[in-house]
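Input: structures, listed below.
Next come two complexes, and both contain chain A; in the first it sits with chain B, in the second with chain C.
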Partner chain A sequence: MKAVYINSVGSISSQKTFDNSSFLDDIISYEDHIILAVDPNYKDYISPANSRRMGKGIKMGVVASKIALNEANLDTVDAIITGTGMGCLRDSKKFLSAIIDNDEQFLTPTSFIQSTHNTVGGQIALGLQCKGYNFTYVHASISFESAVLDAKLMLENNEANTILVGGVDEIEDYTCSLHKLVNHIKKEKVSSTDLLHSKTEGAVFSEGANFFVLSNLKQDSSYAQIVAISTYNTLNTNITDVANTFLKENNLNIEAIDLLVLGNNGDIAHDSFYNELSSGIFENTQQVYYKHLCGEFNTASSFGMWLASKILKTQKLPEAVKLNTVQVSNYKTILLYNQYRGENHSFTLLRRC
Partner chain B sequence: MSKGIAITGMGIISSIGNNVEENYRSLIEGKTGISRISKIKTLHRDHIMVGEIAFTNQELEQQLGLTPDNNYSRTALLGAIAAKQAVENAGISNINTYKTGLISATSVGGMDKTEAYYYDYFENKATQKYIAGHHAGHSTQKIAEQLGIEQSLVTTISTACSSAANSIMLGARLIKSGQLDRVIVGGSDCLSKFTINGFKTLMILSDTYNTPFDENRKGLNLGEAAAFLVLESDEVVQAENKPVLAYVKGYGNANDAYHQTASSENGDGATLAMQKALKVAELPSSDIDYINAHGTATGNNDLSEGRAILRVFEEGVPDFSSTKAYTGHTLAAAGAIEAVYSVLALQNNVVYPNLNFKTPMKEFSMTPQLELKEKELHTVLSNSLGFGGNCSTIIFSKKQ
Partner chain C sequence: MDDLKQELKENIVEQLNLEDIAVEDIDDNDMLFGDGLGLDSIDALELIVMLDKNYGIKLTDPKEGRAIFESIDVMAKYIFENRTK
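The block that comes next holds the complex of A and B.
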C-alpha cells in the first residue's frame, strides 16, 4: 500500500488565502452572521467569457484547483474528486424561484444546466480536458472527507498517481433566510474573535473552496502525509471513545498528537462535541480552531485541512487560531475533528513528511 | 482473473413494481410504467409522460411506520423502502454484526419539499422541519437510520445520471480494500417540478412514450425510483454461508470532458468507462452477453452511447436493450435500478426487450433486442451516463 501525500494546496475563503506565498499574515475580522469569500482576481485564471458563464461556486472551485495544480507543477491529473454539500446553490435557487414565480413558464436552461451537484467537478474536468475518474460527494459535513477517503483509496492501491481533491460550497440568500428561520444561522451578528463565546445557537455561515493535489509520489514541496481518515454518520457512544478507537486503529496514543484542529463554530447547542475533546483527553494537547476565520459551510473542514497542511509545512502557527495556551515547538502529527449539528463526524490524521 | 464482489441482496421500488418480483414480472411481460403524472401539479401535465410510483407519501410513511412529525422527503421514503428490502433479502438480522456502510446516490434529494414549501416556510412553522432536509445527504442519513447503521461510513454521491452506478463502484472498492465487510449501495430520486422543468427547458422530454435507440426518438420520460444492493466480502459470505445473487465483476468511471449537459458525438467518456470496466473485470469484450444500455431515448445520448458501444465491441456487439421505456429515466437511481435488472437477467437467463422501437437509427445499423430472449447469460454490462460528462460502467457476472 502506497503512502498518500498532500502535494499542493489552493484556497479561496473569507480570508485572503489564495496566495500560497503567505499564510494568514493579515487576518480579516468580521462582525456578521453571514460572511463571503474574498475573491481573487478571477481573470488571472479564467477568460472573461468563461468567467461570465460560471457561478461563484464554479469559479471558486476552478480557480482553487488551478492554484493547487500550479503549485504542484501539473497541467492535469489522473482523477478529480469533489465534495460539496449544496452544489451550485445560486443557480439551483435561481431556477427554482423562476419555476415558482412564473408558474413554470418562460424558463431558460442556463441555470438548470449549472445547478447539478457535479457541475464544479465537471467544469474542472472540461477545463483540463481530464477524462479520468470523476466523482462528486454530497454528504453534508463529510462531503469533503468522503472525497479524501476515495482519493486515498485510489492512491494507496496505485489506481492513480495524482488526484485533484477539493471541497467547495457557495452561499445564497434564500437558503440563508431558511437557515435563519430555524436558528442554524445565528440571529445576532458576532465578531470573529467572540465566536466561541457567543453562547447562542447557530453558526456564522460562509462559503469557500479548498483544493489539494494528492499523490502517492512525494515531492520536495509536499505539505503532509494523509495517514488516516474516518467518517461517522452518527455516534452510538461518546466522541472520546471514537477518538480513542481511531487513534488505536492507527497505533497512536494521545501523546503522539502534537496539534488538535477543531471545527468549533460557536453553536452552543453542538460545540459540546469539541469541548468534550478539548477539555478532556486532549486537555494537554495544543489546540487550534478556524471557523471564526472561514465561517461554517458543509465543506468548511477543507479549510481545516488547508490550515493543518500549512502548519506542517511552514512549522508556523498563526496566533489567531490558537484555542489554548499549550505550546509545541515541533509539529509532526496533527489530528483534525469536525462535525455539524451532532451528525457526520470525521477524524483526519496528517503527518509531517 | 480479478475476483468479483458478492451481491447478496436487492431491493427496488419503481413505476413497474414495488419490489424485485413485481419489477421482474413487468420486465418479462413488457409492461411499461409510463403514464401521465398524477402526484405533482404541473403545467406540463398533458405534454409529458413519467414513470410514477403509485404510493402516496402518506402510504410510504405508513409502510415505514413513521410518526407524523417525520421530515422525510419522497426521495428518503423511496430509498428507505428499497434499502430495507435489500437488507431483508440478504437475510441480515443484525446490521451491526459486521462493519457495514451505506452509500446512496441522489440528484433531487429534498427538492420536492423545498419546491412545495418555498414560500410557506416563512408563514407556516409546521413546514420548517423540512429545512434541515434540504441537502442531498439528508435522505441518506434517514435511510441509514431506517437500517440501523450507526457510527459508520455513510455517504452520498451525486454525479447526475451516473450517481448510483458510482455508489456501486465505490462500495465494491471499499470491500475490495478491506475498509468495510458489508455495504449497502444504491440510489433514490423522486419526481420533482425542478427536474421536470429543467429537462423541459433542455427540450429533451418526450411528449409520448420514450423510444430508446429509435431513429424517431423524441426524448426521455422522467421516472422516480429507488434501488439498493447489498455487497458483502468473501469472508462474510463464507462465514454466513450466504447465497450469492451475482458479482460486481468490473467497474469503470471516466469523464467525457466535452459539455456540461451533452455527450460527445463519438462517446469518448462512455467508451473509456466500458474499456476500464472490462480491464478491471479482466474480460475481453467478447465475454459480455448482454448490455443494459443507458439508452435514455434522447437524440444525443443514444447516438453517443451507440457509437461508444460500436467502438468497444466493433463487429461483436452483444444483445443490448434499454429498460428506460419501462421505468423512464430515474436519474441518480438509474444505475441501481438497472443493476437490479442486470442481476435478474443473469439469474433468469433473459434479455429484456427494448420497448417501443420501430426504426433503426440512420447513423449506424444497430437494433436492440426487441423480444424477450432466453439464453444462458454469464456477464452483463450496464452503462450510466450523465450531465457533467460523468460516465460509468458496471459489469455483473454469475461467477466470481
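The block that comes next holds the complex of A and C.
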C-alpha cells in the first residue's frame, strides 16, 4: 500500500490565502455573523469568456484548483474529487426563483446547468481537459473528508498517481436567512477574536474553496503525508473514546500528537465536543483553531487541512490560531478534529514528510 | 427601431453576462455568433427564451434562430415584424 502526500495547496477563504508565498501574515478581523471570501482577481486565472457563466463557488473552486496545480507544476491530474455541502447555491436560487417568478415558464438554461453540485468538478475538468475519474461528494460537513478518503484509497491502491481534491461552498443570502431563523447563524455580530467567548447558539457563516494535489509520489516540496482519516456520522460513545480508538488504530498515543487542530465555531450548543478534547485527554497538547478566520461552512475543515499542511511545511504557527499556551518546537504529527452541530465528526492525521 | 436595437444590446450584455463587452462595443451588423460576439449554443437558448418572455415570439424550431440571431440588425427587424407584446 502506497503512502499519500499533500503535494500542493490552493486556498480561497475569508483571509487572503490565495497567495501561497505568505501564510496568514496579515489577519483580517471581522465583526459580523456572515463573512465572505476574499476574492483574488479571477481574471488572472479565468478568461472572461469562460467565467461569465460561473457563480462564485465555481470561480473559487476553479481558481483554488489552479493555484494548487501551478504549485505542483502539473497541467492535469489523474482524477478530480470534490466535496461540497450545498453546491452552487446562488445559481440554484436563481433557477428556482425564476421558476416561481415566471410561473414555471421562460426557464433559461444557464443557471440550471450551473446549479448542480458537481458543476465545480465538471468545470475544473473542462478547463484541464481531464477525462479521468471525476466525483463529487455531497455529505454535509464531511463532504471534504469523504473526498479525501476516496482519493486516499485510490492512491494507496495505485489506481491513480495524482488527484486534485478539494472542498468548496458558497454563501447565498436566502439560505442564510433560513439558517438565521433556526439559530444556525448567530443572531448577533461577533468579533473574530471573541468567537469562542460569544456564549450564544449558532456560528458565523462563510464560504471558501481549498484544493490540494494529493499524490502517492513524494516531492521535495510536499507539505505532509495523510496518514489516516475517519468519519463518524453519529457517535455511539463520547468523543474521547472515539479519539482514543482512532489513535490506537494508528499505533499512536496522546503524546505522539504535536498539535491538535480543532474546528470550534463558537456555538455554545455544540462546542462541547471540542472542549471535551481540549480540556481532557489533549490538555497538555498544543491546540489551534481556525473558524474565527475562515468562518463555518460545510467544507470549512478543508481550511483546517490547509492550515495544518502549512504548519507542517513551514514549521511556523501563526499567533492568531493559538488556542492554548502549550509550546512545541517541532511539528511532526498533527491531528485534526471537526464536527458540525454534533454530527459528522472527523479525525484526520497528518505527518511531516 | 433604434430604441429596440439599443434595448436588445443591453439585454444581451446583461442576460448573457458578457463581462468584457460594453453595449457601445456592439455594432448593429456584428455577427452575434462565431467570430463576432462569440456567443454559443447555450446563449442561443437564452435568446430564444428572451424572445418569448420579452416580445411574445415563440420559436418552435431552434434552427430558425440561426438566421434570426445573425446580428442585432436582423434580430431587431424580426422582432419588429413578429412581436405580440
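General observations
In this text, the second predicted complex is superposed on the first by the 353 of 353 C-alpha atoms of A that agree within 3 Å, B and C clash if a C-alpha of one lies under 4 Å from a C-alpha of the other, contacts with A are read in each partner's own complex, and residues count from 1 in each chain.
The definition used in the following text is that a contact is a pair of C-beta atoms (placed from the backbone, for glycine too) under 8 Å apart; a residue touches a chain by one contact, two chains touch by 3 or more.
For clarity, every value in this text was computed on a predicted model and none was experimentally measured.
By the touch criterion stated above, A:49 is placed in contact with chain C alone, chain B being left untouched. In the superposed pair of complexes, A:191 makes contact with neither chain B nor chain C.
When the two structures are aligned on the shared chain, A:153 is found in touch with chain B, with no touch to chain C. Judged by the touch definition given at the top, the superposed model places A:109 against both chain B and chain C. Touching more residues of chain A than its counterpart among chain B and chain C is B. Of the two partner chains, neither chain B nor chain C is touched by A:76. In the superposition on chain A, A:244 contacts neither chain B nor chain C. Of the two partner chains placed by superposition, only chain B is touched by A:140; chain C is not.
Put simply, chain A uses residues 105, 107-109, 113 to touch chain B in one complex and chain C in the other.
The touching residues of chain C, counted against chain A in their complex, run 15-20, 38, 42, 45-46, 49, 52-53.
Residues of chain A touching chain B in their complex: 80, 85-87, 92, 95-97, 99-100, 103-105, 107-109, 112-119, 121-123, 125-126, 128-140, 142-143, 146, 149-150, 153, 156-157, 175, 177-179, 181-182, 184, 230-237, 242, 298, 341, 343-344. Only residues 48-49, 51-53, 102, 105-110, 113 of chain A touch chain C when the two sit together in their complex.
Listed in rising order, the residues of chain B touching chain A in the complex are 42-44, 102, 106-107, 109, 111, 114-115, 118-119, 121-122, 128, 131-132, 134-138, 140-141, 144-145, 149-160, 166, 170, 173-174, 177, 179, 193-194, 197-198, 200-202, 253-261, 268-269, 272, 386-390.
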